[in-house]
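Heads up, there are several structures right after this.
Below, chain A partners chain B and then partners chain C, in two separate complexes.
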Partner chain A sequence: MINISINGRLVQAEEGEFLLTVMKRNGFKAPALCHHEAVEPYGGCRLCMVEISKPQWKGWKDLVVSCLYPVSADLEVQTDSEAVIQERKTVLHLLLARNPHTKEIKDLAAEYGIVRSKYQEVAEPDDCILCAICTRICDAMGFSAISLVNRGHGREVAPPLNEPPPDCTGCLACALNCPTNYIKYTDNGMTREIWGKTFEMLRDPQTGMPTITRVFAEYLTKHREIPEEYFGLGDESHRKRTARNFGKIAAWTREETVREEA
Partner chain B sequence: MNMRFEVTPNLCIGCRTCELACSFTHTIEGKQARSRIYPLDGGLKDLWVPVVCLQCDDPACVKSCLVDAIKFNVDTGAYEIDDEVCVRCMACVAACPFGCSLFDSHQNRVVKCDLCGGDPACAKFCPTQALTYKSALSHAG
Partner chain C sequence: MTEATTTTAATRKITSVKDLEKLRREHKAENDKYPKQVMVCCGTGCLANGAAQLVEAFHKALDEREIKDFEVKAIKETGCHGFCEQGPLVVIEPKGIFYTKVKPRDIPEIIEKSIESDEVIEKHLYVDPRDGKKIECYGEVSFFKHQERIALRNLGKIAAHSIGDYIAVGGYQAIAKALTKLTPDEVIEEVDQANLRGRGGGGFPAGRKWRTCRDVEADEHFVICNGDEGDPGAFMDRSIMEGDPHAVLEGMMIAAYAVGARRGFIYVREEYPLAVLHLQKAIDDCHEYGLLGENILGTDFSFDIRIARGAGAFVCGESSALMKSVAGLVGEPREKYIRSVIKGLWGKPTVLNNVETYVNVPVVINKGAKWFTSIGCENNSGTKAFSLVGKVRNTGLIEVAMGTTLREIIYDIGRGILNDRPFKAVQTGGPSGGCLPESMLDLPVDFDSLTKAGSMMGSGGMIVMDDRTCMVDVARYFLQFLVSESCGKCVPCREGLYQLHQMTIAVCEGRAEESDLEKIEELSDVVVKASLCGLGKSGPNPVLSTLRYFRDEWEAHIREKRCPAGVCRELITYTVNEKCTGCVACITACAYNAITGEKKQPHFIHQDRCTKCGACVAVCRYDAIDVA
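Now for the complex of A and B:
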């Protein structure tokens, strides 16, 4: 355990822990768009920038992205100093030039008093900020169905060769964790479509509620050893069946048989 | 882990106090949570079965989680979902054979019984002792 100071307050941390983790645990806030606890820190959005110093640095200071900075003893952190705010504003101007119509970016920029980017807006803006949360989560789950492709202006998230990705299981983790809701999908309860691929949904035979895609269930059966029959029912029917099973056990001591389900 | 959560369906009268207690205990920012316990009809006369996470030895939810968001809490004996890590892929909701991993659409998160961090509210409010939380050692004797 080491001691570091954040905005003048002394907090404890493990040596080598990332600074953003320590800040979050102690209630200090920094905006972050590319951060997700399920995957390794990425340092992509540059918004969690903070100012650091140490007594032995004789007044020298440094600006670092807190999500990737391992803490060490005697660190002094300022999360909202003048320099930090300036740096964040620059980043937000750049983000706003790339995504001028994205609600999440506009809201965040407004918090820092920015309405319009001072840089030239891109010709055909979309909502993607290239934070790679989608591709990193997809990698972490073991699918690697999508990735960042091309360089420079042409960089984008796409499945291989822009064709429906063979490794996608339609779990929707990419779309549901996108900080700007860029990834679109449709789901009508019977089928789900994402990345140009259509999936059949598994549905509860009694309630008709969709659960997960058939491909995803098959993946879990094959790689995670979940028995196939577990996916035959939805959660509500599973609970009802559990109650009936207990009823059957209780029926051994009673002169009664378990009623058929309504 | 020397405490154990016990469900005794024979004592349950189906009053659903546990559901209320659960829902109010897990309130976030004024939004009530989906209850993680369900007193259901056991199919016999006057038999109610409070269906709640059994904290299995080899849980399907943990096996199905591809990002290891569900961790065992050694102090309470509960499997807990880390909401920051969860990617909402619904694998555990579909995989649990007891239907005790749930999606809370109001709070937009996947929830399951976490034994309230070692002090289950449902057991405190149960009027008939159908739900109890007591030392596993005292039970053995």
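Now for the complex of A and C:
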């Protein structure tokens, strides 16, 4: 354990832990658009930048992205110094120029007193903030069905060749974790549509409700060794089954106690 | 490909230093056998000008003449001399007669006069553009005379793809010395003492990098050679890889021995097909000779090199992006709070150096740190290769001792500005470098001075500009390159450079306001501070350095809506002045019929039809068209 100071307060941390994790644990805030607990830190949005220094640096300061900065002893962190605020404001202006109508960006910008970007807005704005959470989660799931294509300002999230992605299983990890709800999908009863691909859903025999896609269930059975019948049930059925099991355990325990007492 | 010099040497493994020495003598004797040698430059530039046909014509002509006592074999396809604009180049040794722009039809005459006897054919000689003198000898040409070649030492001197030639000029002696006489620590110490700084642009001391890497405990270490030269107009690394591939391999071997690596990679862009070809040939030859593989030179050092080909993204020259690309992933940089020397390729400690850095290593080991530090200036030892391009009379690849002034480079080697126009600026360091004005001409060229002046060494691009270059337009051009080459991972670089580019376009088109200059400066500052990798951090440099030295030009665009250099189309008009003699040259040249007038009467330009293409200015011999 080492000691570091954040905004003048001493906190404890493990050597090499990422600074943002330490900050969050101790109640310090920094905006972060590309951060997601499920995947490795990315360092793309640059909003979680903080100012750091050390006593031995003789007053020299540096701006670092806290999501990727490994902490070391005697670190002094300022989460809202003038330089940090200036940087965040400019980045928000830039983001607002790209996504002028996106609620999440507008709200965050408003927190910093920005209503309109001072830079030129793009011609056809959309809601994608290029945080890459969707593609990183898709990689982590083991599919890599979608990816970031093109370089620079023309970058976008897309399946290969903009065709229905062959590796997509319709698991919705991308869409459900998209911070701006940009990735669209439709559930039409027993089918699901995402990325231009249609999937067949499994049906829960007890409730008659769709559960997950057949392809996804097959994948999980094969690669995660989860029994196939598990996927045939929806959440409600799982809950009922669990409740029944708990009921049985409770009954056994009661019988046991009665027998012991006798 | 004819392997002229190695056909007699048996293809056998070199298993000791003795073997290597024996082979060196054999190859040297083989080379010395010929009274005359013809070196045909087969670098990419000369090949494009027909060097391959030239070699073919040489062989054919010699065959036809059935010269028996005069062996045909001594025609060498060498690497790039660097003087591509004069290509194809032919050098006839031992006198070093230097012929430029040789055509296949000239070959019979050259054989007759310069090879069979000792005559010099005047019409093929190089003419000095400044004094019009014809220069006979290679070493006397102004372009070469003022250079000091270490990294480019073998270019133009040995057959590019021949391991025999490389061994004959003392190749692989440095690795032999390192393996048999020096410990890895001593190798690092030597490189450290020589203060060999990274030639890729960063200028980080190679010795220190190697030591850090060696000190990291891991089951495997890697060495990588960065051959992803992405700066537009730069071709130093390309020429070295094409013309002296074995020197690159030897440098990597020494680095591998020093840090304890068993595997190495050369990252080359696919746009350099000849470099890939020659490197692969060199690697294959080394396998055959036992210079790569298990137990090199009979020691317990084993090392192998593979080529990793890149698709040519500029950002892949950045170390972490490059390593991702080598590993087969999308070349995107990562945050380097943990350096790649500690956690690099596949999470292992990795030494990454530039082609030019590696090529310097064998020289440092052979001649020692003391000799190396005697060249160059304080804290910047050795030499640096540049590609000198733009509005100078001699353009091409050069290598000068560190600390040489810009003036010496531009006026001695480059022979001054084309058409005697005034010098305006020189851009160093590639797209993210900076522009230096005339007042900086006496600046010594080294890592520290250039950085202090607001530019950078970069990998060594050097673009000279004359008074007809608009500095705002230059900034716009380089920003455009960076915008399209930004990987797009982080917001400041992706969006910031884009917005900077948009604002610069507005300045060029006269749409900008006074407050925009402040906005540009403020945004540049944040992009520098907040970007993830070096591309973004140095991205605003074209804007910042032109604002620093040519602010008046920016202000003229914004306040007076005027482009002083007469480049930005939206801000200029072409008008005929009183010098017009009525020669109709411009009327003929104008593709849009925008100029009218009678013979021997002053002409008139119709502004509504003028597209400001500049064709009229180019043809006017009387300086009668004003651009303002």
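The working rule: the second predicted complex is superposed on the first by the 234 of 262 C-alpha atoms of A that agree within 3 Å, B and C clash if a C-alpha of one lies under 4 Å from a C-alpha of the other, contacts with A are read in each partner's own complex, and residues count from 1 in each chain.
One rule holds for everything that comes next: a contact is a pair of C-beta atoms (placed from the backbone, for glycine too) under 8 Å apart; a residue touches a chain by one contact, two chains touch by 3 or more.
These numbers come from a predicted model, not from an experiment.
In the superposition on chain A, contact of A:C134 is made with neither chain B nor chain C. Judged by the touch definition given at the top, the superposed model places A:A145 against neither chain B nor chain C.
By the touch criterion stated above, A:A217 is placed in contact with chain B alone, chain C being left untouched.
Of the two partners chain B and chain C, more residues of chain A are touched by B.
Contacts of A:C178 after superposition: neither chain B nor chain C is touched. After overlaying the two complexes on the shared chain, residue contacts for A:A13 are found with neither chain B nor chain C.
In the superposed model, A:C48 makes contact with neither chain B nor chain C.
The contact surfaces that chain B and chain C form on chain A in the two complexes do not overlap at any residue. The touching residues of chain A, when paired with chain C in their complex, are 42-47, 49, 63-65, 68-70, 83, 86-87, 90-91, 94-95, 97-98, 118-120, 130, 132, 147-148, 150-155. Residues 313, 315, 330, 334-335, 337-338, 483-492, 494-499, 502-503, 519, 522-523, 526, 529-532 of chain C are the ones touching chain A in the complex.
The part of chain B that touches chain A in the complex is made up of residues 9-10, 38, 40-45, 47, 49, 51, 60, 63-64, 66-67, 69, 82, 84-91, 93-102.
Taken together, the chain A residues at the contact with chain B in this complex read 36-38, 137, 140-142, 171-173, 176-177, 202, 211-212, 216-217, 220, 224-227, 230-231, 233-244, 246-248, 250-251, 254, 256, 258-261.
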